[in-house]
């Protein structure tokens, strides 16, 4: 037995000691700028992660072809954060820091942990998690030390709630329809991005005299919505809001809502946060989505979008498939701009100082960081929340007017 | 017709059978005696390849079968009726008998065999639709034997058919085995603790002890005292 | 009243989906006592194969379902022949087969991810439209699923009862030495069993995908639910799986109606606990 | 000859331990320290899991849940009530022990094999929904963040030593436990329940005991997890950590003392190493599990032991000693 202990432990320890060294066997060359990209490449969010990676690949390729950044070539190092487990995000963060990357750049690597992890390092961390969690970390860091290396180049999720409580109730008038009551149904998934937005919406709407009659929390992967739809019908909600990041859940909800009410009709509008922007949604929901309202803060709204699409298609042979195909590029561009203004990539403090001064007109709007929490401003002058209605099998920008292009709301087919 | 030479068998590191030599002629009833745990059942399991032998040769109708897998042995015509019965508890009596006739040879003569089996065990005909898990011990034993008969075998190996049965049931079982031998001219190798019963029908016997053959006797040479002595 | 009827329908729909999840699992466990921890991924693979035949070879969906079956059968047979067969002969076969299937599952999931990409795929519904039963509206596709479950049970039970291979599978399930004694080639039967179970599982994956949509990792959810259902109804019993699935589907639907969706798992856990204390062999299982 | 072995191994053991102890001082990068901390924690989880599955033959699939209970318990106590981690970690372990014994230990007394596996699996799957229900204290799906460290100002290097110490102590405790009468009773129940009960081993008592101990140790590991990492969320209960835990046990060698430790090393370091393989990481990991099971059913411990025996044998031959003697004394 003693012999076994010795041998076992010997093997364990030898193995343990060697593997981490093997990871870093290769040193880095000085003439390359490393971009660390923590993103979900496997697991449930792999679909978004793929688009983020493609966006960065395209960006790096274009920048390198144009002579590189400060005369140096760029190199992308991705790190898979899987299903966004805190443990994995931590490990990826530690690894990227260990590889001395010059910036950590991503569409999202969220759950709130990423900001805490990257706050420990000196290099800038530029992300679009759209999470209040992350903003709070940056806010605290700024309060404590006067600055932060965290930058969120989109508004946090509560912006959805604020915006929806502001605008959703104006839609009926624009449709020429009068809701029978002020009842609201909230169906949200147990995920902070959705919950915080939904709760903000509920809070602000209640303050306006609206009544939350259904407040249902579901888990990701919820399939059978029958009982929830019964509750919505019995409670007589005229605003049905659905907050769930997963396009499968959203499509299932919409299909079942449509099937349940299309014949006899229901006096209600349906609103969704963000999710329909994910391209699968329309494929999955099909005609059931006709008449659906939704909004998102990450939209390709600028004039450069058409040209960007062309370059994307030339490289990958497919269209950009998610808002992160655009957003991630903005993150890249604003960092490049900051580095070029600073004239250095190694002096992180200088780069961060320049990042703070960012006023970047990107694909998704004008990005300016709030000095208090380094989160991009929301609003018409900055990153607009754009409302759309699904009609004719596609998304139609309906509000604000600057983007609407003359589209007028149509009454959903189930309102009879 | 059936001959074993130099057969050895073991469970893991524990050798149970040592250099067994044994032969059976066609139509013969051979009894195998010996104390518990001395290798009688192991020998049957080795022949039927349920627990294959480690070395040695088994000839059946001139064919070497020591390395043949269990399902082939049944097809060749050796049926094994284990002491543990191994019935299919959630199947009916009828289904169990059907499974007895699983091999292709038996399939052809299934109707005929079934008739014979019901003739030998009229009780089973009554219980044909009953699940085996609900049968009494004696009935279950009958099913086991009947299932063995359904295999259409030319040689039958029966392991302790009378164990745990009431006297009247024992009598019925032995009668059935005798009847099988008489009417179907089946070769039979029987392991039995009830020496008297077994000797009534056996043509020959082997005494096994500590995994070896101690002696062999023809029916007319058998001395019950000698056998009983061999047990201690 | 109407919401209760609706919940009843929802329960039936969920129940038949759950029954579909559990069938392949219960077959494989019932006969070979191997707990298939790759069940979910096998189902997903079936879905992806059918989807491939459907979109790439432009076959009608029902035909692509049929094309997928032999592929799944072959896969099951290969898995048994070249992996499980050896593992079953070794000590600790229970857990080593579990782990092997788990490893295979992880590998398959990620291979599917690499081949088909991470985007959600939809497979079409078998039939469109819906009918009214009194005040209650039921989608034809959901009715079709229920009918398929019903047909599936009938076909499978008849297969196990009437055919020689099916009877042999039952025999092996009930007593392996007994099967050996009557001359059944046990390893061959196990091979058939794996083939059959993979076929059923793959088919069920394609059906589930029409409701759940498809993404490589979704199989794990199906598998965990499948386990619960199989254990609830009685391990290895086909009627058990169906009864278990219906009971859990009803529980889910009425819990959602009365308490809210988040209470479904806790309610299931308590039901499971109570059941195991009263009837450890499951709802329908005959023996423990 | 056995004595010779012992001293040789003791020397190696001492050297390796010394290396591990000195490692942070020899200029290890924070990333390496992080990996080692993870390794210590996972080795604890896998070892305590192994008590149930390997030593006692009770196929539990819920130990990640036990760990999460301990972790949440300790985190909430420390974060909400500001208690010292010296108190909260043991309390977290005790909470895990009580809950598990109550909800799993008692009900499983009547169950066999796969049913236990399923009940424990469902138990662990129920936890995330319960966490959602108790959002006020557990943070719901967001989880708990900024959990206090072991002590104010504790850095990576402190965490490293604390977790190393906890790991060594736990390993020693498990070692002693396996050797004790209790451990022998567990093994006896696993190998032959009838024989064990006929020898006067109480199935009831020993089963409760093993559930309690395993849950306590897993819960403690959870405490070390949260205070060194600072976060815990329901994703800790997701499918991947669960698969990893099982893989650790089986890959290393279930039922052995060092198997789970070895497995933890392979999974923690190996899967980080495999990150270089990027998206193929999980594919390779799955393949590795399959290959291990097929060719080294006793886990890598068995493979190494074979290798060790082979090497010893060759050495012996040189010294003219009999191979037979070595093979017999190998274990």
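All chains are identified by letter, namely A, B, C and D, in their written order; residue positions are counted from 1 within each chain.
Quick note on the criterion: contacts are C-beta pairs under 8 Å (C-beta built on N, C-alpha and C of every residue); 3 or more make two chains touch, one makes a residue touch a chain.
What you see is a predicted model; the values in this text were computed from it and never measured.
J.: Would you mind naming the chains that touch chain B and likewise touch chain C?
T.: Output, common partners of chain B and chain C: nil, no chain qualifies.
J.: Comparing chain centres built from Cα atoms against the global Cα centre, which chain wins on proximity?
T.: C
J.: Which chain's C-alpha centroid is most distant from that of chain D?
T.: Relative to chain D, the chain with the farthest C-alpha centre is B.
J.: Would you indicate which pair of chains has the most C-beta pairs in contact?
T.: Greatest number of C-beta pairs in contact occurs for A-D.
J.: CA centre of chain A versus CA centre of chain C: separation in Å?
T.: The separation of the two C-alpha centroids amounts to 35 Å.
J.: So the centre of each chain is just the mean of its C-alpha atoms; given that, what is the distance between chain B and chain D in Å?
T.: Going by mean C-alpha positions, chain B sits 51 Å from chain D.
J.: Please report how many Å separate the Cα centroid of chain C from that of chain D, as a whole number.
T.: 32
J.: How many angstrom between the C-alpha centroids of chain B and chain A?
T.: Averaging C-alpha atoms per chain gives centres 74 Å apart.
J.: Quick one: which residues in chain A touch 2 or more of the other chains?
T.: 42-43, 190, 217, 219
J.: If a residue has to touch 2 or more other chains to count, which residues of chain C qualify?
T.: Correct list: 110, 113, 217, 262.
J.: Mapping chain-to-chain touches, which pattern fits: line, ring, star, complete or other?
T.: other
J.: Go through the chains and record each pair that touches.
T.: A-C, A-D, B-C, C-D
J.: Residue numbers of chain C touching chain B in their complex, please.
T.: 164, 167-168, 170-171, 174-175, 177-186, 286-287
J.: Can you name the residues of chain B that touch chain C in the complex?
T.: It comes out as residues 48, 50, 69-75, 80-82, 84-91, 95, 98-100, 102-103, 106, 133, 147-148, 150-151.
J.: Within their complex, state which residues of chain C touch chain D.
T.: Per the touch definition, chain C meets chain D at residues 29, 35, 83, 86-87, 90-92, 94-96, 99-100, 102-111, 113-114, 217, 220, 224, 227-228, 231, 235, 262-266, 268-269, 272-273, 276-277, 280, 288.
J.: What does chain D use to touch chain C in their complex?
T.: 53, 59, 103, 107, 110-115, 117-119, 121-123, 125-126, 128-130, 132-133, 239, 243, 246-247, 250, 254, 279-280, 282-283, 285-290, 292-294, 297
J.: Within the complex, which stretch of chain A touches chain D?
T.: Residue positions touching the partner: 2-17, 19-20, 22-24, 41-43, 78-80, 82-87, 90-92, 94-95, 97-98, 111-113, 116, 133, 190-192, 195, 217, 219.
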